[in-house]
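Pasting the structures in now, so scroll down.
Next come two complexes, and both contain subunit A; in the first it sits with subunit B, in the second with subunit C.
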Partner chain A sequence: MSAQAASFRLQAVLAAAFMVAMVVGAILLAGANPLSVAIGIGERALFTRAGLLEAVLRTIPLTIMGLGIALAFKARIFNIGMDGQLIAGSVAAMAVAPFLPLDALGLFLLLASGLAGGAIWGGIAGIIKGRFGGNEIIATIMLNYVALQVLSWLIRGPMQETMRIIPRSDPLDAALRLPILFEATRIHLGLVIALFAVVAVAVLMQRSRYGFKLAVVGANPHAARYAGIDPRWIAGGVLALSGALAGLAGAVEISGVYGRLQEGFAPGFGITAIAVALVARLNPLLVPVSAFGFSLFYVGLGALARNGVVPFPIVNILEGTIIFVFLAGGIFVAHRTKRVQAEALDG
Partner chain B sequence: MDEALFLSGLLAAGIRLAAPIALAAIGETISQRAGVINVGIEGIMLVGAFVAVLVTVMAGNPWAGLAAAILAGAAMGAIHAVFTVRLKAEQIVSGIALLFLGLGLSGYGFRLTLAQGGSAVQVPGFRELDLFALSDLPFIGPVVFGQHALVYIALFCAAGLAWMLASTRLGLMIKAAGDYPQALDAAGGDVDRLRFVCVVVSGAFAAAGGAFLSTAQLWGFVENMTAGRGFLAISCVVFARWNPLAAVAVALGFGIADALQIRMQTSYPGVPYQFFVIAPYVVAIVSLAVASKGSRMPAALGTPFVSQRQ
Partner chain C sequence: MSGQGSAQPVVALEGVTKRFGTVVANRAIDLVVHPGEVLALVGENGAGKSTIVNMLSGLLLPDEGRILVDGEPVALTSPALSVAAGIGVVHQHFTLVPTLSGLDNIALAMPELRFGRLNRKALGIAVDATAKTLGLPFDATTRVEGLDVAQQQRIEIIKALIHKVRLLILDEPTAVLGPDDKAHLFATIRRLKAEGTSVILITHKLEDIFAVADRAVVLRNGAVVANAATCDLTPDEVVLHMVGGGDRVQARAIAAGEERVRATSVARPEIVCSITDMTLRRTNGSVAVSGLTLDLHGGEIVAVAGVDGNGQSELMRVIAGMDMPDGGAVECLGHSSTASGWTAAKLRRAGVAHIPEDRRRSGIVGEMSLARNYLLRHGERPDLVRHGLLRDGALHRLAGERMRLFGVRAPGTDERIDSLSGGNQQKFVLARELDGEPRLILAAHPSRGLDIKTIRFVHRLLEDARDAGKSVLLVSSDLDEILQLADRIVVFAGGRAFGPARRDEISRDEIGAWIAGHASVAA
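Here is the complex of A and B:
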């Protein structure tokens, strides 16, 4: 290892250490003991039945959405609009619900509608990116705000409950709810759907031509063009595809947990899903593990925040810090520096 | 006369609503011109907004709040610079992390300090300039002479930056860092140092935008109060083709659209207000689709640079 590379690594370690120190400092500022906070998270999340079950419940949508992020980020398409796509999916599912047969087929169609709704919302950003070359980060974020406002209108207007008191929809028919898997828990069939999605996305990314195309476009769009791959089609398509997964997650949450449309369900999941996928290094098989880890963190911290130990936004600080530490850790992946140099020469 | 009064009020409000976006867009222009994209300015704006309110309340002076916000924004920019410029990390991912961090730090700090009292804190924020006779002029008075001091400072900065990029040695070096860093490197320039400084400065501008939001436009902090303004600022930069003065003009367009939708809400109570609220975002989405075609962004934007000199 040359002296230059050694100093590079030292800087990475220092940068990561600084970020961690900031989190510790933030906890100290709140008058809490960082060590007891860490222990408290572990105790609540790992060693209580309720905490563990809550974390599993949260892992379901985060896994499905993390897979969508992994697909898009693999092609270096940065979909930050999963929150909007999730809303679009759950609205689509609830909108078709009254017309569905009340059996397994109806439940299947409900989830398919969620998938389609998310695909359409992601597809709008896909068209802006693929057809017009507009930045997908801006497009997906703006569509988040549009989706939030449309939802706010729908549940106070055309989709509000018959009683017209609370801004929420009527409940789904019991036949359209995902069945509970284990007696006396809230763990529903969505867990199986999430695991199925992991396998499907893993095959797609690691065994199929499409997955290879995503990787080529992500690594070098110029080379992709020479190989006969149109990066614009890939960009547009993968935005719709990852939107579809977010929409599916929305329909699963509605059907499995809430049973009706309301505001503020799945708060910030789209953002957390990004952290989930990045820490899993965009590997679909690691996404559920990462999602479970983040869920444990969230459940543990959430319990501490409710008890007033630390203010709740510590969750966001921690998510940001984890990504920064992950970025610093990326320096240590062997071929990393070489790739950067190759890109610099190529540019 | 009513129309003139309406138009004058609309423009004056539009400028006020545009100022935070314009300040952030000026900063993002500098950073992107040097080759570093920062998608986390939304997070920096939030930190700026919070720090400005906190220090304004503590010091009793909004200028102290602004100064503190600028320092905090520069520090946030420095984090992005360390990861993207020094460590050559993926710029988009670092920006996303910065967004989380800013969201978390501002909300966390707010709940530890200002939100503790329970009742709303009095914020001695900025007042509009009052140039006596000038500000009382019909129509142009409130629009041209009745704005916050920061609006004039922002305009001055945008003009100065445009001049700097177009006609100075430093401007040429910044453009080289963003378009063809190899050339700057070969000529003996330090690409990384230049990029580092530009990213720090862009953080300071974004935080100043946040400070305007919380101490001039509104007098107080609300969690996640920027509501996408940082991303609107980035779309201003793209729409303005990386020209700082044009970016301010585009921001003004967003500001006027925002002022207009607020007025429409009261004029058309029959239409659900949500349809008016989404107007600026829809304008941004449509303009993104229209403006991106054939636009030429800095060639090395988003690409980390590794010097080949020994």
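Here is the complex of A and C:
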């Protein structure tokens, strides 16, 4: 048993080392010095005011979405459809915007519509999973494409700006924009919303009966059925819930940053949110930390890529590597503690 | 029985003992298989049959004792060595690749495959020849997933026999077969026997034993309790050996039964659960029991006896609300299976407690703390959950209190439940399930795998619950346990239900006859 654990650990370390070597190799091939790339990322992200603020701005949606992933993954439901749910949320918010009162209530309703839109999009996958037993991974991925194409049609058709030049919607009324928190920055009220979401999800996951049910379904579906918890209801519900958070993130991005609907406004956030949640070990209190870490990294590397130091795909390669190294490290630690415990029991 | 006696046994086990932790799976087993002999290895689930198979097929090594092949001690340290020793095994759960053809599946088992030297054409001819001599026509070209179980089994048998096999072990081969396929299988076994191949037939069906076996070896609790030629045995004797019943135990059971007469007299007529003409099917679709009609009253223990796999598990799952009956109806504590809402959650709320037969799989969540596991049954209680939020302080206090009351030994309620021993886990499940005044207690094999002290504790709890006016439905494969605890007894056998009969109006022999599938004791 212990020999098996050891070989597993060795594999994890080897795989991680291999990945790191590949990335260093890729950077070298791109004609840059890996060390200066690393320093460059740190410099831009950590030691410039613009870089730091940019990272905070990006942390907001990644935190909200990372929380949604953590919830779903806790019940072993793999929601890969956050990109689609985010689009659904932002479309819903923009669609109701013209009918909202131009005050704080209107802003609140705008965000609530985003929440509802995401919940519906996630809920469709939830029905496919819970009612018909479909695979949630396939369902959510496919719904991503549907959402993407619907968005593409909307901003060239019914929701296009009045000028009909660029494929984007008319801007939101200023009263429906999230207020800026600090002058001369782009940091908006979404930061508070994100922190509020952290607390709410932490309470839900760690202190509530619903969170307990999620954990039971995730850890042992047989025990869930035995205890009278229907895993199908949980699966459907948690997909809607995690979709709602993605939808909220979409509405927050629209209202806080862009002010209008357009294509590609949150590129790949849904996938990054998975990385955020995994690195945070599905702990909601660590999600903002992990989200901020990923944001710093993106901002730093994004700047280097824009300056032509490395090509842009390196960003994605590095992201994959980080997740991989982290998960490998997790295996390493888990097996180590298990061995220590086993030895303690033997002794 | 042909060629028995002086002939050298093909395979022999001498004093073989195998332990898993503190559980003794096989205890000083002595077993011989003669050339051309068909040996039935009989016993309940957990009696130690599979452990013997696994040792003979090179998956496990004995802790004590030795295995002899042709009188020479051997160490079967790998399946390949077992095959080389001439032992072939057809496992209960087939090991076929569903997307490959029968022939390709057989090819996978050939050692030549590894070196890329496999001649498929030659193999095809060899397979055809084997199939013909065995009288086992089979489809070599269709993908396995498109074949029925009988066809798949034939492929497994041919896969085993394509090597030079002198002892073929068939693990529960008839469990999945219909009458025709079963007859065909028996014909094949007789043919093998005629060619001098020995067969070990593992089964817990009596008809199989008497249909083909020369000799039967009965295992109980890991030890051989009977070893006799089938012509010297009756089905009832085999059953009594399987479910137990030494004189000492019998005396104790009778004594306990007399004590019971006083206790039963306080039984109340209140009906807690009413089962009408119920049919239950196994997961593979075959009928496990049909026409079951039974009322469960407050203040009594009703026990379901019988060989495992005759519908007992299905009955428990249905009454617990986890499954629907496949026919008929059941009404419990104000809920009915014919109305909507026959769910585990509702029945639990109405007062059904469930001690599941496999606590590790479904009774607990191993990676959670004891306190959280306590919540599995009590998630609705207002003192533990308010406004959907857990009250951890109260939960830990209550769980700790109940654990002390039931003698669950654990460092604290924060401890993960899988760090506890099996006995302590079972006590924990009892502490949890018996909390909150349940009105119906479903107890499936509540003492399986426990030590004697804990078994006595579990029995006392169930008796106390009965005396407190609760209804208890007990499923057990241990006849002694049933005779000791039950007020009324039902037996599931051969697709039907016998009884119910009052404990004081039925003898052990009558129950034995029922378990064997007869309506009355054979003369």
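Keep this in mind: the second predicted complex is superposed on the first by the 328 of 347 C-alpha atoms of A that agree within 3 Å, B and C clash if a C-alpha of one lies under 4 Å from a C-alpha of the other, contacts with A are read in each partner's own complex, and residues count from 1 in each chain.
In the analysis below, a contact is a pair of C-beta atoms (placed from the backbone, for glycine too) under 8 Å apart; a residue touches a chain by one contact, two chains touch by 3 or more.
These figures come from a predicted structure and were not determined experimentally.
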item: Overlay on subunit A: subunit C relative to subunit B, clash or fit; value: clash
item: Partner chain(s) touched by A:291 [first = subunit B, second = subunit C, both, neither]; value: neither
item: First, second, both or neither for A:146, with subunit B first and subunit C second; value: first
item: Contacts of A:208 with subunit B and subunit C, given as first, second, both or neither; value: second
item: Residues of subunit A touched, compared between subunit B and subunit C (which is higher); value: B
item: Which superposed partner A:314 touches (first subunit B, second subunit C, both, neither); value: first
item: Partner chain in contact with A:216 - subunit B first, subunit C second, else both or neither; value: second
item: Partner chain in contact with A:228 - subunit B first, subunit C second, else both or neither; value: second
item: Clash-bearing segment of subunit C, relative to subunit B, as chosen among 80-88, 98-106 or 386-394; value: 98-106
item: In the complex with subunit A, residue positions of subunit C that touch it; value: 320-322, 343-349, 354, 356, 361-368, 372, 375-377, 379, 385, 388-390, 392
item: Complex interface listing, subunit A residues touching subunit C; value: 203, 207-210, 212-213, 215-216, 219-220, 222-223, 225-230
item: In the complex with subunit B, residue positions of subunit A that touch it; value: 8, 11-12, 15, 19, 26, 29-30, 76, 78, 80, 124, 127-128, 131-135, 137-139, 141-146, 149-150, 152-153, 156-157, 271, 274-275, 278, 311-321, 323-324, 327-328, 330-331, 337, 340-341, 343-345, 347
item: Of all residues in subunit B, those that touch subunit A in their complex; value: 39, 43, 79, 82-83, 86-90, 92-94, 96-108, 111-112, 181, 223, 227-228, 231, 234-235, 238, 272, 274-275, 277-278, 281-282, 284-285, 288-293, 295, 299-300, 303-306, 308
